[in-house]
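Some structures to go through are shown next.
Two complexes follow with chain A in common, the first pairing it with chain B and the second with chain C.
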Partner chain A sequence: MAEIPFPLPDLGEGLIEATVLEWLVAEGEQVERNQPLVEVETTKSALELPSPQSGKVLKVHGAPGDVIKVGEPLIVFEVPDDTAGIVGTVPSDEAPKRRRVRLNANLDED
Partner chain B sequence: MTMATGRHAGASAQHTVEGTDPGLNVQTFEPDTAAALPPVLLIHGFASSVALNWEQSGWISALLAAGRRVIAVDLPGHGLSAAPEDVDSYSPSRIRADLLQIATDAGARPLAAGHPDSGLDLIGYSLGSRLAWEFGATQPALVRRLVLGGPSGRDPLAEFDLAAAQRFLADGTPIEDESTAALVTMALASPGSDMYALLSLVEAIKEEPFDAAEAVPRQPILIAAGEKDERAAGIEALQSLVPQAQVVLIPGRNHVNAVTARAFKQAAIDFLSQ
Partner chain C sequence: MHETLTAPKAEPETRMAQVPAQLELSLQGALNLALDEILAEDPKALVLGEDVGTLGGVFRVTSGLAAKHGAERVFDTPLAESGILGMSIGLAMAGFHPIPEVQFDGFAYPAVNQIVCQLGRMNYRSRGTLPMPVTLRVPSFGGIRAPEHHGESLEALFAHVPGLKVVSPSDPQQGYSLLKAATRMPDPVIFMEPKSRYWQKGQVVLEGSGAAGTARGGAANDGGGSPSSSDLTGARIARAGRHLTLVAWGAMVARCLQVAELAAEDGIDVEVLDLRWLKPIDAEALATSVGKTRRAVVVHEAPRTSGLGGEVAQIITERCFATLKAPVERVTGFDVPYPSGDLEDEYIPNIDRILFGIQRVLEYKRG
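Now for the complex of A and B:
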């Protein structure tokens, strides 16, 4: 099994941090790609972050009310080794017409 | 032409609804598996947009997962919609007329017995709830059910201090009125907001302030608001007009962050699936 950490993504608009409102998944839970993971609030709006992949939630960072900076750890997934390599690819059936906030694997920080 | 007397009589104006394209951004979303239920029209709040109020907040994906067809519209001067220069383009009555046209163009049809997918369900937030209230009240043959999020019995936009906001934008003179200052801060923070258009909307709303008692929706209604929603003061006044309404208060949430709450979405989806 491989551990894949995801940081809080760049939310655009010059935002540098977000406050956790509510986790919608729990540690140990199996989640599907695009399943809502967490509600966060910035100085501009509240938003829901969808899961970038399917996998088992190993760890969530931040309780409701905690502030997480962009780039800091948000969630860690556990996935079978043979699927770890495709993490972070954008599914081809999704061609969003406009920019949407998405989590990306933190591949630079290994 | 004789105008009816009433609180709007003094502010009567000629509006040019026919023949002008309001340039509103309309997005429709189709579920993978459609439920036998009417489409849902989403009406966002002041200084918000389809993207902020409904997309990034997870509403559209939640409604699609529930099998609902979704029609979402950016209000004039908001999101990807045009920002016309004339104030009339922003009047609530003009916006309601445009929404009716848009919903009809998107396939919404009057309620018909034996056709569970006929009619139209509405979800509004904040200013969108005011528009939904009036739309439902004036379109009983079309509108089936209403969800009013973060509604206000009063009209914070009609009470907006326009002159103070204009002074603030011109030379930074602080705005004394707390509600006006908060609305300006919110508008400035809103990505890509067109302040000129937002002030035109306020001006138009001052000509047609919300008067909940003037037209009262008779449909089943769900009222939902954050328990700490400072702008939803006066929900009781609305409730007294619509005793059929169910009310859901979302623990710990305010006007901004009640939007994403799962409890709100689930209550709305359950209510609209009846």
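Now for the complex of A and C:
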């Protein structure tokens, strides 16, 4: 198992912090990539942060009302070692042996 | 796989009884174990690259190594591939044995100047006083539906550079054994890991496990012998056959083994030669195999023009011209940039394209 932290990103135009409004996932929950994780409020707007990856939520940082600075830990994912890397997907185990070509040869002369 | 790997029943439980003779590992697990053992055995070995330390690598190949061997020996680098290679070259000059990683093959390009002009030439330039015992790990080839720059097939580019060796493992056993062999060489080795095979599991016979005599050997001793260093310098027969030789490396070996099973349904007995080393190429193994089967098809993901398939075909032609039944056929990618995502299936040689290649060779008529 690998622990992958996700720090609060810069939510745009040099914002330095955000206030947690509501967690939309709980520790122990399995989340998918792009699933909304948390609603936060900046000096500009309230917005939902989508998950950058799939994985199990190991820890969330900050209760509603807490201020988190950009770059500080927001959430930690736990990911099995045999899942995909940051890029790409795990290919299916073995491609089904689909075939449209039959071989036809006279090997008598061999 | 043809050979059955089993632990030797008769082995007395005297030496290293706590170490299993073999483990079932994925390719990423086998590479991780090899790196763990290399770091333990060789105090000069260092692992460096983007995210190889704290994170453990995007493909988990270096997972746990920094915690076990220390952040001074397994460390993260800035996102600058020319720096990763430049640092490795300097470390090698200072007596270390660096094992750098370039995170994806598409990002090897920024390091090409260091690889070609320094890494490959330093031994030559210094009249042998500055050897470059550097093993560059490159997650390579396609098959994981990644975006552009995250899938390439660069073996011909590297193989063309004097001073470099190039190798690609096809399964967990090859990954474990070839990585250990590569890191023991005095020369720079480009180690191309087929990323689409990272998660495939297989039995791995460990070094020093007392399992000598059970592991897959080289082409010269198919079906027997431990992967001793002399067996690890050439090709290996992944499947023995009589009628035609499929030559492949990396991820294409598994696909060719599937094709061989399908060909057997039609009465065609296909031999699959896992080339393993792409520089230098094991010409003797090619000659032995094709000398027997008299037909050959070479399969690779890279574009056809100036691909390594042309080199393989020429070696076979030089050695086997008099007995060849047909010109050597190539089944390859196309002369386009390596495509991303969903277009991969149209680009990478698939089962039907390889079968067509075999059929073209089978029905070739002279004159």
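The definition used in the following text is that the second predicted complex is superposed on the first by the 84 of 110 C-alpha atoms of A that agree within 3 Å, B and C clash if a C-alpha of one lies under 4 Å from a C-alpha of the other, contacts with A are read in each partner's own complex, and residues count from 1 in each chain.
Simple rule for what comes next: a contact is a pair of C-beta atoms (placed from the backbone, for glycine too) under 8 Å apart; a residue touches a chain by one contact, two chains touch by 3 or more.
Remember, it's a predicted structure, so these values are computed and weren't measured experimentally.
**Q** I'd like to know which partner A:P36 touches here: chain B for first, chain C for second, both or neither.
**A** In the superposition, A:P36 touches chain B alone.
**Q** Using the touch definition from the top, say if A:E13 reaches chain B (first), chain C (second), both or neither.
**A** In the superposition, A:E13 touches chain B alone.
**Q** After the superposition on A, what does A:A46 contact: first (chain B), second (chain C), both or neither?
**A** Touch partner of A:A46: chain B, not chain C.
**Q** For A:L24, select first, second, both or neither according to whether it touches chain B, chain C, the two together, or no partner.
**A** The answer is first: A:L24 touches chain B but not chain C.
**Q** As a test of reading the superposition: which chain, chain B or chain C, is in touch with more residues of chain A?
**A** C
**Q** Tell me which partner A:I4 touches in the superposition: chain B (first), chain C (second), both or neither.
**A** second
**Q** Can you list the residues of chain A that meet both chain B and chain C?
**A** On chain A, the overlap between the chain B and chain C contacts is residues 98, 100-101.
**Q** Write out the stretch or stretches of chain A touching chain C in their complex.
**A** Spelled out, the residues of chain A in touch with chain C are 2, 4, 81-82, 84-91, 93-95, 97-105, 107, 110.
**Q** Please name which positions on chain A make contact with chain B in the complex.
**A** Touch list, chain A to chain B: 12-13, 21-22, 24, 34, 36, 39, 41, 43-48, 50, 64, 98, 100-101.
**Q** Once bound in the complex, which stretches of chain C touch chain A?
**A** 26, 28-29, 55-60, 63, 104, 143-147, 150-151, 195-196, 199-200, 243, 254-255, 258, 261-263, 266-268, 294, 351-352, 355-356, 358-359, 362-363
**Q** Which stretch or stretches of chain B touch chain A in the complex?
**A** Those residues of chain B that touch chain A are 48, 51-52, 55-58, 61-62, 189-191, 252-253, 256-257, 259-262.
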